[in-house]
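Structures incoming, each one as structure tokens.
Two complexes, one shared chain (subunit A), two partners (subunit B, subunit C).
On to the complex of A and B.
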């Protein structure tokens, strides 16, 4: 009974991890059809923000929950103004330009900070469940992921900003005739996507440590989750993360992390073959 | 069309003549180290041709050509270590890559996967290969006499021999000329293929798949064949790479190799064959030179180049320079009244 609870928590943690790293990318891809390969590096920047600011003595919660998203969000807006805005509608070109940006950022951070792993201590202790111990930080991560999804859903569905964002996604020309500057909406959306990436980086920093190449490890999973999920931001990310995360973590439990990772990729392959437009291309198509 | 025939072949002919000149004169005028470097560029040029063809002339954006490159390398390594000779393993590597491409292609094209999703599937397959082979480090992972080695890779791969001299390993100069000859032959064959009926249907599929399908062509079959050709060339290049390096490791399946292949094709120019070759040589040479200085980080420069090329020269290096050259030539009183060279191939 205790063991199954621990297993369930570990499964949820994997799903939560996928949700956190994929949400920012899903927002940008789902709303603007821009594939931001540099998303992994945005996550990395969030992690470095936390590491640097906590070294200067800033409270870790402020660093993770406020500073990391803020810094990376602003950086995202700058990137959008300089690079992305020329590439709307050009999926392949946006992919390549952001790939270039990702290489640039990795190189830049390596030059500035070096190639070693920096660490931040996990701010929570562990709690006991039966004979097993579960870190409270894991529970915090799961909670954070749920909060992220809930906030995105509520914003898109129940606020005016969300309405404008969804409208711009569906029909930018109509939105312009109704008097809204769609370029501003794109800029804000990209900034928000980047901010979520920064948040993910900040949340993951205490667990995995920050190193310039951490983005490269995460972008693959994030990218696959988003494409498998399809264009609906909330439903797609939730569906894809749940399926991929739970199956891969189960396999990891039984056979080890290598097979777990390979299984994640394999399941994504099967899903894409059966649902070529992603999960929400076929199911829940009209959801947010 | 008949009038254009000589002009269409002009560009390709020029490239072939240049290639033959390089083949004959480089070992004479350059020293050993430079010949070895150029052999590397020749193999990478063949690798980039595989993506340049299936993307530029078939419309298939595959993120996983590194998968065939790696498979070719590993299959060559395992079979040549087992068999002791290199000619048959070279053919086996190409053959098995074609089979793998057929299976994967069937899975993708008959499932109607397209653009981004196709790219993701090819990427995923390559990553799966990476993870699986990375894991094979123990002594139980052995095929015949060749240990797969996992993240350690497979060392001591036999150097290729000329097919008619199976006992004598090739000298570096011979290897350069042999590989260069293969590159020229593949280049010419691809040009013939592109200009044939098959090639024209492939281009029409690239332009507008639905229309081609409505005209009665089985789009899935054509794409499958194109993908198999790309797999064969990529696998052959991989085998050549394994023999050149005498070493192969799982990094050949990594995201980095897939990325580099894409970058070379984009920078060189999608839709041409010679452009990506120029791209790979230019970028690899640049990386090499930068690697020698400690000053600027390699990645920073590569990344900046990629961003600048996409923003400023979206068609790629070669087409942009070619268009500038042609515009200046026409303005200088060359040929009046010419239309844009829409179908002109490089």
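On to the complex of A and C.
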């Protein structure tokens, strides 16, 4: 009984991990149709923000929840102004440009901070579940993922900013005629997507540590989750993360991490064969 | 900018590039008269640079030391350092370059088993003496190579009974998923069973795995008396953080044959995460002997800043240099076979790590092995074993019978 609870928590943690790394990409790729290959490096920058600021004595919660999204969000806005805005509607070009950006960021961080793992201590102690012990931070991650999804949903569905963002992505010309500067909306949306990547990096830093090349390990999973999810940011990310995360983590429990990762890819293959537009291309089509 | 690229200029250009590319392979002597060249091939960048940089620093220090003592055979020794960047094609390129172009007298280096198996056959073919100074899974049988690092039969054999005596007989093994991890895990199983214990499970992880949540739950449900970690590399360091975060440090102790092997773990992990992990190596900086105290002082004096992490890898690099220099002096020659014969003669060297000699059958070191507990970034040595044989490699290798062997045996325990 206790053990199944522990396994359930681990499944949720895997789902939460996918939600965290995929949400920013879902906004940038799912909504804006910009293939941001540097998304993994945005996550890495969030992680480095946390490691470097906590070393300077900043409180770890401020570092994770405020500084990491803030720094990467601002960086995202700069990237949008310098690179991305020239490439809207040119998917292949944006892919190449952001790939270059990704290589640059890995190289830059390696040169500045060295190609070694930096870590921060995991905050919180552990909690006992029967005779098992689970890190409270794991529970916190699950909670954080739910909060991220909820905040994106509420913003898109129930605020004016969310409405404008959605409208701009659908028809920028129409939005312009209504007196809204669509360029600013694009810039802000990209910045928000980057900020979520930074938050993900900050939240993951205490668990796995940060290393310049960490983005490469995450980018694949993030894209698979977003593509499998389809165009709806919230429903798609939630559905794809839940299906892929719980299946792959179950297999990890039974056969080890290699098979877990392989199963994730396999399930994504099958889902995309059956639902080429992603889950929300066929089901939940009216959701955000 | 002109954009006229004629066919002819294009051809000229590519021919020049081709010629430049072939240059390193041409055997011409770049060796200045009166200098003895020592090649260094350590990863100075890439994911194990934290191991390679100290090894390189120590190799250069040893060269300075030899020169300060008057050099060898009346000549100065000079180091030629290349950075293979954890890239196997660069390893093979630079090994070829050292052997044929630079005509190095000896080559030190290679860290991962993959890099060693890349350069070992090249140096064997071109008859360039080679020192491999890293702990590894055992099994190399090559008269051209001197392997100074410890093998599982030297460390695991001691660590398993010691920790089982402390903690109990049920062992859970977690290991890196490549040949070193697989082979060492098999040795762990053998020694646990020989000591009347049981390995309840063995899990393997690719080097890029950073999340160990499911494993930590599985270990808890298996309720072992101890965890034996053969995890490798910086990605796997996540395990120790997550283990401590789950509050498991007080519940189940960890022993490891890899933790801190190159020293970096101590820099990266907080003491509260790393304390109490028991390890076994052929060298610890806290060995309290005159030879080691003097050596550690020497290192600190030579590198007051950027002091290299002292570990088995860097200490044995220094020992390799000294054993080679001693052989050159004894033989009075740089002739490779004469040097090998000197080193095979069973001479005992007093080194920072203790007493050490070269086993003529395997060309591996017979050396002292230690067990240590970790407390606040310092190793507290618990036990010393003198003159431990490389028994695993001895199972498969006899260079006295087969002097021309050029092989890495995978020692199968199945």
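In the analysis below, the second predicted complex is superposed on the first by the 288 of 288 C-alpha atoms of A that agree within 3 Å, B and C clash if a C-alpha of one lies under 4 Å from a C-alpha of the other, contacts with A are read in each partner's own complex, and residues count from 1 in each chain.
To be clear about the criterion, a contact is a pair of C-beta atoms (placed from the backbone, for glycine too) under 8 Å apart; a residue touches a chain by one contact, two chains touch by 3 or more.
These numbers were taken from a predicted model, which means no experiment stands behind them.
After overlaying the two complexes on the shared chain, residue contacts for A:206 are found with subunit C alone; subunit B is out of touch. By the touch criterion defined above, A:106 reaches subunit B but does not reach subunit C. When the two structures are aligned on the shared chain, A:3 is found in touch with subunit C, with no touch to subunit B. In the superposed model, A:86 makes contact with subunit B only, not with subunit C. When the shared chain is aligned, no partner comes close enough to touch A:146: not subunit B, not subunit C. In the superposed model, A:253 lies in contact with subunit C only, and not with subunit B. Touch criterion met: A:224 reaches subunit B, while subunit C stays clear of it. When the two complexes are overlaid on their common chain A, residue A:133 makes contact with subunit C while staying clear of subunit B.
Judged by the touch definition given at the top, the superposed model places A:13 against subunit C, while subunit B stays out of reach.
Contacts of subunit A with subunit B, set against its contacts with subunit C after fitting on chain A, overlap at residues 258. Those residues of subunit B that touch subunit A in the complex are listed here as 61, 107-108, 111-117, 120-121, 123-125, 127-128, 131-132, 134-135, 255, 259, 262-263, 266, 297-307, 310-311, 314.
Subunit A contributes residues 35, 83, 86-87, 90-93, 96-97, 99-108, 110-111, 216, 220, 223-224, 227, 258, 261-262, 265-266, 268-269, 272-274, 276-278 to its touches with subunit B in the complex. For subunit C in complex with subunit A, the residues that touch the partner chain are 45-47, 49-50, 177, 203-206, 208-211, 213-215, 217-218, 220-221, 234-235, 237-238, 241-242, 244-248, 251, 264, 268-270, 272-273.
Those residues of subunit A that touch subunit C in the shared complex are 3, 6-7, 10, 13-14, 17, 114-119, 121-122, 124-126, 128, 131-135, 137-138, 206-209, 211, 213-214, 217, 249, 252-253, 256-258, 260.
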